[in-house]
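Following this line, the structures themselves.
Each of the next two complexes has chain A plus one other chain: chain B in the first, chain C in the second.
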Partner chain A sequence: MKLLKLTTFLVASAFATQLAAQEAGGRLDVIVQPEPPGLMMGLTQNGPTQMVGGQIYEGLLRYDGDLNPQPGLAKSWEIAEDGMTYTFHLNENVKWHDGAPFTAADVVFSLGFLDGTHPRFRANYAHVDSVETPDDYTVIFHMKESYGPFINAFEVGSMPMLPKHIYEGTDYATNPANSTPIGTGPFKFDEWQKGSFIHLVKNDDYYVEGLPYLDEVFYRVIPDAASRAVAFETGEVDVVPGGAVENWDVPRLAAMDNVCTTTKGWEFFAPHAWMWLNNRQGPTADKRFRQALMYAMDREFMKDVVWNGYGTVPTGPVSSKTNFYSDDVTHYTHDPEKAKALLAEMGYDGTPIRLLPLPYGETWARWAEAVKQNLEEVGIKVDMESTDVAGWNEKTAQWDYDLAFTYLYQYGDPALGVSRTYTADQIVKGSPWNNVEGYENPELDKKWAAAAVSASNTERQDIYNEIQKEIVDDVPVAWMMELEFPTIYRCGVQDLISTGIGLNDGLRSAWIQK
Partner chain B sequence: MAILGPILGRLLKAAITLLAIAILNFFLIHAAPGDPAAVIAGEAGAADEQMIADLRAQFGLDQPFYVQLARYVGNVVTLDLGYSFRQGAPVLDLILDRLPATLLLTLTAFGISLVGGIAMGVAASARVGKIGDSLLTGFALLFYATPLYWAALMAVLVFSVNLGWLPGFGYETVGANYTGLTRMWDILSHLVLPASTLGLFFMAVYMRMTRASMLEVGQQDFVKTARAKGLADPIIRRRHILRNALLPVVTLAGLQAGQLVGGAVLTETVFAWPGIGRLMFESLAARDYNTILGVFLVSAAMVIVFNIITDIVYRLIDPRIGHKA
Partner chain C sequence: MSFWKRFSTNRGAVFGLILLFLVIAIALLAPFMFPRGPWAMVQRPFLAPFDAAGLYLGTDTLGRDVLSGLVYGARVSLLVGLISTVMALCIGVPLGALAGFYGGWVDECAMRFTEFFQTIPNFALAIVLVAILEPSLGSITLSIAIVSWPPVARLVRAEVMSVTKREYIDAARLAGLSNMKILIGQVLPNTVSPIIVMASLMVATAILLESSLSFLGLGDPNIMSWGYQVGAARTVIRTAWWLSFFPGLAIILTVLALNLIGEGLNDALNPHLSRKGRA
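Up next is the complex of A and B:
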């Protein structure tokens, strides 16, 4: 019965897409916040750069909302049974925006380029032994070992394809072409008035027949959150990406006529929020104290009030949207009495702890206040230490905190976006994104490593189940929320979000119903 | 020509002051926690040691502090503001790119506040103690006490969202590609809200100062003399009282003019005005050292230039200044 329903639904939705004939033309105004420092995706990897650059540049693969790989610049691919070779067949009619053809040589060049500039790529590429290009449109990766998550590493933000003919032999960082980026994507860079807008225009020679539909896209820079909400209200912009307005403005904007919202388009990133708990010193070094924190907090309340109901309370380190998730773990419900008992058992002496909120706007400040209140209810003294983004980076990277808010992307696979927070080889001062809490568990380290290189998905699932069960009892960090960032847009904008990275590569199929 | 000598002296002092400010700025910026490499790594959502080390080497941050300072001073002396690696452009280009928008906003606001403030101050002083005076003073107090940020948001809410008369933000209509007069008119309509919000605050200040100063000068003996010899009241006000009452107003205007480059951060932020204040604020948050130092230096230069201009204006208004007794 269930299966039947699903089939009907699939057929129905297939009909629906066909029935609505896409109309070409039109202009889309999207908010970009904050203004990106640059658009060259090989050099800059921050969020706004990916959102704008993802229309200009492309990766070999795209990923749907369930994280299944889809054709991108590569029209097809094969993975050897033993997971030791990945073969990609490139589309043959792809041109760079300046007219030069895109070939396997560009792929090889991009790999070398990114190996020097892109830390996340570098970590994946370390599993590659050699790359072979038997002809202009075939690329074969020979692996050092089977590495399951590799197939998730070809998205535009993780591995953007860069033009060899423009960058070869130049100083990448100061190449003047960085300010007029050239990619293969559905939109071409036209103009950037710093502080005002970035203008992209349709790529008429795009290799997918009929795409894109839109004539032009304006990314609007509006630095004040309240003004961004007003810009949507007055019709100046059509799309407010997730996180671009404060949460309490979302219901007001969503209630407007002809306005739609969706939380889709973040599945690949699955932003996971937690508080770093300093495992090295102070009360947070005691496992019982960390468990007490989990019981003391009413995370459901925080979700409902601070985040207006958007999001999911996580069960552990892996997001429920990420592959290999398991919920067979200890569940930390709101239980102040249990928290007090644990604190009494460890003999907590009332030493105050420092809490470092994430300086990303009012929502995050209120979240920290809610935590402080919950913790003080069970007798933990909390000192709030607020700072700006650079100061926050410095404090977390130098381990100068007791509790510190953060959130990280998971990139579809625990080996890509989860294990980096918990394995001992990731304990290195100077980065705010590795094992900042200082958690050491040699047994689990072995399991993380084994799971990453296992060729069998069933085996990987088994190992990740064990890891999740065990690590949730240790509470190396306090998992707060699977964040959901609603995208707000005019209902007339169709097919805006069709992939697991949403707006970052979605405009190629977006069209406006007239 | 009595003006020229002192000015040359001032210019020399100005150059030395500027250099001292530049060095001080350098120390201040480096005292803030974090550096541009850490911020860039932080924004990337992933970072390893190699990335941060590469960036530091690229920015020259791996050099000893005194080497960095010496390089910076060398650049300043040769009027080279350096390169913003974050934005991938020379700092001078970034500043020049933003300068017209900022000057348009701040000069308009400056004009509105100075002319409006003096006019209101004169009008209020002529009706001192009467209902007109109370009204004007009341208005001024209201503008003076209202936080700029709030006033700006309310202006957007009323005139842009509810009434739909004026655009609420931006410098011009994006993507309209207007030219000539249409474009001028378009920019002007975008300018109204930010310039008046910014202008009203200072208008209130000038109004109160002009009024107080007019009343004070009006009590002095030479005004009584002028009255006694039978001069008409408007002439006394204009020639005898106003001219003398203007000196403190000019002092204040000189101070405000010094902030023309960097003093409109809030207004620029709320109205999404692509000016230098925002460039400075965003660069500060990103610890983009070269850009912040560049903006600071230009701002400091503006303060010094306007101090000199203020001095000249003093001499024009009151010829007694500068004459050795």
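Up next is the complex of A and C:
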């Protein structure tokens, strides 16, 4: 067997580093917004489901803030040098919440389960040829081809481990266990009062000695943004996740005594906001017009004013927090004169263009207004359209727009979260999440494909550098912001965010300083 | 006593009229006062009133001049108020007149139709209509007209019924005038005064409706209006009171002005109905 061990971690818990003064005990109240439709992570993958379910379920790996893989249910792993084999060694003392042992059979079962229910998992799993379990605590993935991003696909939201002994042979969607989820995580499900709270309690048999510290966690459901802010002010809740209160309320809450904020914990998702530019028709079909848009907009101003300074102005399609980012590209600074020159060169005749904002509240409405104003200052006539979420989905999915706001997650690797927006095979009418703008560049398509299956990371970096350099000049979409959602919490809550998915799996190491 | 003399005995009405002329003048002069338009981001956001030179009412969440927004908002409010009222009159007056004049099954049909609209709460219907038609200045004006005509039809019907029973109408019939001639030439002119009074109040209601729709985010996103200003400022009301206060004040004053004028018109046009002590 020509297995060359590249990476081997034998640390039981890389996260329990500061053993200094953690204090066990206490209760944490966290806002969950909106109320999740369910907690069974194999069946639903919404944001709120992941936030609560991530304490109950676990993945094989966890990822730190720089997206390096860390031990999870797997205590160590090896990747063959040719990238064709991934071997995982599981922790041997892991038990499901009902006492049954967690083994390689559960892993294999979960793979089959998720292949039927989880589209993002399926896309990754398509690169796997076969799975082998030589013993109860070893799982080996044999790949069809070398697929570098695969190592980023083992996080709890992307590949949660599900109990075989509960689901095997049942109808997954109607299994009564869905309402009382059983996982291996640091917290066990206790009670869910719909419209009010979800109560989790400490898993005393957790496989990492000493964890978790907290006795119980309440996820509180409060439907109105202003009431959520008040609940934090009055001390009713301890943690406000990113995006749960209006942007304008953040400075006020952050300025309170004994309140801390952090923008960490979103690195894995790296939400990237842009405007779809319809590459098929109208003025936006002209590359010079699209470049003019980029020069016309004062994106720094929008960051400072609309987003209260939270976020980063992106240089291109890949977030600076995602692996394989490159800033060796054309930088579009605010330069109205250049924009006007480009418009004059293409002979823009003043055709009005439509702008579709994202109907996600006041911040997004103000953002669109700022864009409209910037564009009109260089002579582009903009008609703002107004719509609800369903209308927005419909219009973008049916390509009935000129400019339309959106944002998508990047999942740590360009092959997972970036290329889907720019390759020609993703031009399919009916979805607002694929190559909606209609950008076609066969040369780049080949490079995207090559980069995904290249065995070496340096080679991948080289290809992604080339792609970024070229695509930024084409401006297929107008990159607006690397969004940052500040988490607001009482300073006494320690080690709340220790991974690249933040609150989604962070509570296992959180503790309260008394 | 002439109309103007009677009108001016009501001091409130005169005050209202002056106020309304002021608002109209501001609306007309908007492009000369603020040539860059209401959306221009002119200064730092969240400047309080009088904090920076020239920005008397401060700046909003994006650094736009609140005063220029108010001035341009006046155009929208007046335009929507006026046009939707005219449209409502165009529906309500003919329907009410026919119902009142012909009576019988015409009346039955017209009134059941009117009641159908009256049973649906005005504002709820307006929201539904705007949401279906997609928010734009046209659809907002149309929706407001559609929810405001039923009272007009009711009023006109009642007035026409009472006028039709007068002797001069009988005289007109005996003289051989056609029904249409009697209705248009004899009956309607004698119902004009209550319609004018009602119309002035309808303009006020329409302005309120438009503001409420914009407040809820159902305004035309391309047009600065008072309701939009208040709605956008709602989330920052605790940190920047002036963003919602001044547009709110503008709405109150304009609506008040129109109500005072309506009152004055009522006194002037129906001297017999004037309240005791003033006649």
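Please note the rule applied: the second predicted complex is superposed on the first by the 494 of 514 C-alpha atoms of A that agree within 3 Å, B and C clash if a C-alpha of one lies under 4 Å from a C-alpha of the other, contacts with A are read in each partner's own complex, and residues count from 1 in each chain.
The rule is short, and it goes like this: a residue touches a chain if its C-beta (ideal position, glycine included) is under 8 Å from a C-beta of that chain, and two chains touch if they have at least 3 such contacts.
Computed from a predicted structure; not experimentally measured.
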(Q) Looking at A:Glu35, would you say it contacts chain B, chain C, both, or neither? Reply first, second, both or neither. (A) first
**Q.** Touched chain A residues, chain B compared with chain C
**A.** B
Q: Using the superposition on chain A described above, determine whether A:Gly47 touches chain B (first), chain C (second), both, or neither.
A: first
Q) Looking at the overlay, does A:Gln193 come into contact with chain B only (first), chain C only (second), both, or neither? A) first
Q | First (chain B), second (chain C), both or neither touched by A:Asp474 | A | neither
Q. First (chain B), second (chain C), both or neither: which does A:Asp383 touch?
A. second
Q: Kindly classify A:Glu362 by the partners it touches after superposition: chain B alone (first), chain C alone (second), both, or neither?
A: second
Q: Pick one for A:Asp335: touches chain B only (first), chain C only (second), both, or neither.
A: neither
Q: Determine where on chain A the residues touched by chain B overlap those touched by chain C, and list them.
A: 226, 387-388
Q | chain C-facing residues of chain A, complex | A | 225-226, 246, 248-249, 252, 301, 305-306, 357, 362, 365-366, 368-370, 372-373, 376, 383-388
Q: Enumerate the contact residues on chain A facing chain B in the complex.
A: 27, 29, 34-35, 37-38, 40, 44-47, 116-117, 119-120, 122-123, 173-174, 178-179, 193-197, 199, 216, 218, 220-224, 226-227, 230-231, 233-234, 236, 387-395, 397, 408-409, 420, 428, 430-434
Q: Flag every residue of chain B that touches chain A in the complex, lowest number first.
A: 32-35, 38-52, 54, 58, 83, 85-89, 94, 97-98, 101, 153, 156-157, 160-161, 164, 168-171, 174-175, 268-275, 278-279, 282, 285-287
Q.
Looking at the complex, which residues from chain C come into contact with chain A?
A. 39-41, 45, 61-63, 131, 134-135, 217-222, 232, 235-236, 238-239
